[in-house]
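Right after this note come the structures.
You will see chain A twice below: alongside chain B first, and alongside chain C after that.
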Partner chain A sequence: MPVPIIQLDHVSKRYPNGFLALENVSLALHTGDIHALLGENGAGKSTLMNILYGVHEPTEGGVLMEGREVVHRRPADAIANGIGMVHQHFKLVMPFTVTENLALVAKGAKRSAFRRHTDARAFMERFGIDLDPAAVVGQLPLALQQRVEILKALVNETRVLLLDEPSTILTPAEIDNLYFTLRRICDQGTAVAVVTHNVDEVLANTDRYTVLKRGRTNGTGLIAETNSAQLVERIVGHAVSNAARIGAERTPGTECLALRDVSLRPSSGSPGLHQIDLTLRAGEVVGVAGVEGNGQTELFDLLAGQRQPDSGSLKHSTQDISVALVPQDRHHEGLSLDLSVAQNLLYPRIMAGEFRRGGLLDHGAVGEQAKVMIDVSDIRTHSHATPARSLSGGNQQKIVLARALDQAASVVVVYQPTRGLDVAAAEAVLTRLAQAADNGTCVVVISSNIEELIRVSDRILVVNGGRMTGEVKGAEMSVKAIGPLMTLGRQSHSSALETADA
Partner chain B sequence: MDLNSVTIALFLAAGVRMSVPVLLAALGELVSERAGVFTIGLEGLMLFGAVASAVGLAMTGSPVAALAIGMLGGTLAAVVLALGTVLARANQIVMGIGFNLLAMGVTSLIRQLVLGDTPPAGSLRSVTMMKLPWLSDLPVVGRALFSQSPVFYAAVLLAVALWLMFRFSRLGLLLRAAGENASALDAAGQPVLRLRFGAALFTGMLAGLGGAYLCIIASGGTFIDDMTAGRGYLAIAISIFARWLPLRTLLVAFALGLLEALQFQGQYLGIQIATPLLMATPFVVALVAWVVMGRVGAAPGDLGKPFLRGAGH
Partner chain C sequence: MPEPTQQMAALRLLLAKLSVPLSLRVTLGAFAGSLILGLVLIAMLGFPVLSAMRVAVEGAFGDARAMADTLVFMTPRLLVALGALIAIRGGLFNLGGEGQLQMGAIGAMLPFLAFGDIGPLLMPLAILSGALCGALWGLIPAVLKLWRGADEIIVTLLMNFIAIYFVKYLVQGPMRPVGSTFNMSAQLPREGIFVPLIDGTRLHLGVILAVVIALAIWVLLQHTAFGLKLRASGQSPGFVRLQGQSAGRVALSSMALSGAIGGLAGAFEVLGVQYRLIDGFSSGLGFEGLAVAFLAGLEPFGAVVVSLYFGAINSAALALQSSLSIPAALADVLSGLPILLLAVISGVMLIKGKPVWTSTR
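Let's turn to the complex of A and B:
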């Protein structure tokens, strides 16, 4: 076997707060291979990537490139050694153009290579990526921002490309396109490592895999020699059926909220909404499917009462209809990161005047109630007093969801509830949403993960360009039926989808 | 006196003279703010520049050397400030205000210990006035704009140079990125702290020159305690009001210079406004700028946020 381009040799990483994120992990990446890194939330995948990229240094063990030990103290060292990284949270300067973002990354002789937009366009064409180099990055949809991230990682003679959960924000067709691009990059003499949760995606598109579990290696090998059941087993430790429907058939109850002919004017970066008719009933799960940036955020804002329709009407059927929210961006809208887990879980109730004793806040009672919720929602934290910031993304999401469901609202609107969550955590979230609907809540799930919507929804509305392009329910709900509705009018995407289906 | 070309020219010339120290400091502030460092300590940096230039003049007798020493003083003071705000990641506002208080005390002490009471001797004309050939003979503007201190011409050229740098150069791109999204710049492998530190020192150098102008050119080489009298804060407001654009900073500084000049020249122009009111005007304008700042979307995204690798997660 040839010498790997880059290797982690028995690496351990202990953070200053004492948390052991990685323990004795080894990994080898080979030129021309796509290597999948699998694992649950908090398994250490991001830490591993950050060590390869020089953001963190290992506490023990070392990094070898072509068999020789290297030390990456900062990203600049890793970049100098030909390593490029696509972060999960994009490292883009949003007010800058595509070209300016590429120019920032350029080192040495490459510096003069991105002076003009035409230079950037020529560079993008090498990888079959079609983007307006003069576009302001902050105004591009997420999938295109991700392309800019990938291009940035390729600017300097890159021999190792690392991607941290690139597929979570993409639709199935966009995921196919992503791997098409990655394969092209691989074939030009690069090793690619992808962190992901999606086992099907790994089986269809990658060459090797490594599974991490609680900071340790839990299996590595060739994709050709494994299968779906085995990988899932290694990731979660017990088999999870990822096709079964969650929850029984439901009979929707009384109407609780109705949109009639609602429109929002389009603006830069937003398609607006066009003549949306929608009736929400108690005790049903309504899925909203669509490619990111096709009116979902606008719909969320309307239902949340954060925006008013420019035309049409939004009516609550009775006065006491309330709406609870799980917003898209849990860091900014969902949580106060520096407050404790308990305060984050209970602040709507604290604000409403609960947990008072003699006019003061009874922290003991808040803590006791929070402990119950932490148990029920399986939030993994040192204690209820830990700041939300120090929890992993999946556990932060569990806090936001637990709070929304705790409010006993008539309508719960959740945006991408399982983004960035591992298989087991996603399963738990979906089950809780289904239970809420069984108990009479109207649950609206906005997501670009069609399979998950099919499993949990009673009916699915599809949005495209701010219009509702279709509604499917019951046995009609399938990727084949929904995919074309989502990507209507986008020839390249629908053809990619057909290829994938064939 | 009537409004005529001479009184107008004198008024404009006074406006230009008043604007030079705040213009220099505002250009410096603009650079560090673009790079993400909010230099509240600008006032203190100007004071250090002023006292350093006074000491320089007393030691060398050369006004040109005094200005250079003023710049050096501002730069050295900025090293202290930047060690705290950039490298040690202190709160930029708290550190800046503390630094200003410190500067008032320390510069006063230096004056008492080093400068004494003897007024500086020798001509300062080499730095106070340089008539540009041909241009200075033009009516009105000749006297207003082209019979000024060489420091003024340098400040105008500098504003143009900064505009070119931010718009067209790679360094400008890197500095702007350090202010907009420092962790993105770091992930791109660029030295965020070095860029910010450099920007902070540049700010110190310009604020130092602004202070030196006040001392050497506007006050005949005599350092007076707290002689900046809030001009550092005014300069911060100017950079915000000008939305961090160098050429707009030039215009805003000149406009405020004219307001200040009204105190002295207003009566010649026949304007009857109480002097205290006029003295307060620039600061009222500054206050408005601070309020407006919260609403302006154009502020650098990471302005005032200390950079710490990995703090985003």
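Let's turn to the complex of A and C:
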């Protein structure tokens, strides 16, 4: 066995607030391997990455490169040692071209290697990436912006490439392309580590895995020697059936909201909506399927009351129909990150006049109520008074969902409710949505995850190019039936990405 | 006897709790750095450093009179800072503290000019009118922003100069008493002013009111639903919009409140210090107040501490000038340095990827 290029040796990390994020974790990355780092939300994957990249220093244990101990006090130290990182949230200069973005991060003599677009193109070709170096980054689709991020991480003689949840924002086809690129990078003599929680993706594309569970290693080894059931077992601790339907058959109740011949004009980056007819009834789960960017955000905005139709009508059947929302952008719309967990959970009720004592906010009562909700929704947080910013993405999502379900609204519209969540957390979210529908709420789930929609929905509407291309219900709901509705006769704007990526 | 490792863990936890957040450390560092630079400056000018330090401390805190001066210098800066931080935490960059202060000063004169000497009612009316004028001046940029999308940073900044020249016009024209050659209005009657609370000092009611207002602003921000809404819309307008709340209404109320408090700063200068409207009475108090708000990290109690520092620097500078002939411009240097240092430090930290502030709270 060759000496690993980089190694974590019995590392523990305790944050200043006393939280033990990692406990005695060891990890070895080898040149030419793609190493998957698996785990639930809050298992310590991000902390581990941050230690490798020099954002945090380990409390105990050390980092070894080629067998020698190194100390990374800041990312600059890690970069100097040949470590590159692709963050979940891109750090790109959007108005700059691809070449300019690469030149910006190049150190010293490397900088002159990115003076011309042809230089950048030659660099990209080494990794089989075909991108227009003169393209303005902000105008590229997300999947290609991610390529620029990866290239940035490779600019400075990178020997170890770390990627934090690179696949969450990608469609299945784009994920295949990503791993194709990563494999090329590996073949150039680089070790790659990918944080993810998608077991299928890991089995199909990686060489080794390490599972983290609540800050400890819960299994590591070769992908060739494991299987789906074993990995899921190690991640969640108990087997989760993937196929079972969630919730019983339901009989929809009275009509609560109706769209009649609704259209929104298309604009740059939006296909608009075209003659949408949709009736929502109490006590049903309505799935909205489609490739992202085919009218889902527009539909969400309409149901949320954020936009008015350009033509057609949107009617609430009675005055007291209320709509609760789980938006796509949890950082900017779902949460106010610097408010506490409790204030985020109870914001609508506080604004409606609850939790007052003598005209002032009763922080005690807010905290007590929040504690109950934190318990019910299994939100892993240090305390209810912690700012929402400090929670992991999955736990932040649980806050948004718990708030939406707590509002006793007649309609709950959720956008990509399980994005970024691990298997168990996603399961819990879907179960809670199904329960809400059982109790008479109308639940609209907008998602690009078809399997998930089939499991939870009573009927599924398919959007494609801003049009409703079909509705399937009951036993007809299958990937086979829905896939073609999503992808056939697609407008040119959505195929552009494919062409660019191919 | 606990195990040594347990003790270490307990100690580490204690240190973690005691450890001062980065922003506070940087701010304190900026103040310490600027005081040291100030002393270096005094030494370089050839003045005795030790006696200068003694005179400065006595000039700021030495006796009741010095203390009162410090507090009187503190008051307008504190009020403008409170006004600024309310707007900024609500998401609107109100740089118009100076203008709102000037309009507040005009407002404080209006009841007397309109009704004459009407006895004990005059003073409360003057306070109210000052706050109202400041509020209206603050509302204009908010309305322009909501109605036409005008950037409030530009509008508030430029409206400062309109207000400053409006005061110049008033004291040279409509408000100048007939026959007078000075650029000032007539003096307010004794019932209409804040009489000194302690004889021989300049301590006035406005000082106490300013501190009470700081407390009220803290309660408003931390302990009311309105404060919660204000902070949420400042930090995450998208969140507030999706909760079905009108960002416009928050903007209007926070700017009106902000302007009103800025107006009080001007009104209290008229009622407690000048007893009349004078051209150039402010010398940039509004801009200093803005600096106070940022140095205080947009926290009301922080603003009390920082404005007290600014007040002390100003009264110390007076003492240094009268007893050691050190130019009073030193006060400007010592007020400007912390802001300069803080800007440089946070700029460097930002470039290094470790921002001192992650949001406007």
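Quick note on the criterion: the second predicted complex is superposed on the first by the 442 of 502 C-alpha atoms of A that agree within 3 Å, B and C clash if a C-alpha of one lies under 4 Å from a C-alpha of the other, contacts with A are read in each partner's own complex, and residues count from 1 in each chain.
Heads up, the rule we're going with is that contacts are C-beta pairs under 8 Å (C-beta built on N, C-alpha and C of every residue); 3 or more make two chains touch, one makes a residue touch a chain.
Everything numeric in this text was worked out from a predicted model, so none of it was measured.
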Side-by-side fit of chain B and chain C on chain A, or clash: clash
Partner chain in contact with A:L92 - chain B first, chain C second, else both or neither: first
Which superposed partner A:L325 touches (first chain B, second chain C, both, neither): second
Which superposed partner A:M351 touches (first chain B, second chain C, both, neither): second
Contacts of A:P75 with chain B and chain C, given as first, second, both or neither: both
Chain B versus chain C as contact partner of A:L405, first or second or both or neither: neither
First (chain B), second (chain C), both or neither touched by A:L264: neither
Contacts of A:E333 with chain B and chain C, given as first, second, both or neither: second
First (chain B), second (chain C), both or neither touched by A:M49: neither
Residues of chain A at both interfaces, chain B in one complex, chain C in the other: 74-75
Complex interface listing, chain A residues touching chain C: 14, 16-18, 74-75, 304-306, 325, 327, 329, 332-339, 343, 347-348, 350-351, 353, 356, 359-361, 363, 389
Of all residues in chain A, those that touch chain B in their complex: 46, 50, 55-56, 74-76, 78-80, 85, 87, 89-96, 100, 103-105, 107, 111, 152
Interface residues, chain B side, partner chain A - complex: 170, 173-174, 176-177, 180-181, 183-191, 301, 309-310, 312-313
Complex interface listing, chain C residues touching chain A: 12-13, 16, 19, 219, 223-225, 228-229, 231-232, 235-236, 238-245, 352-353, 358-359, 361
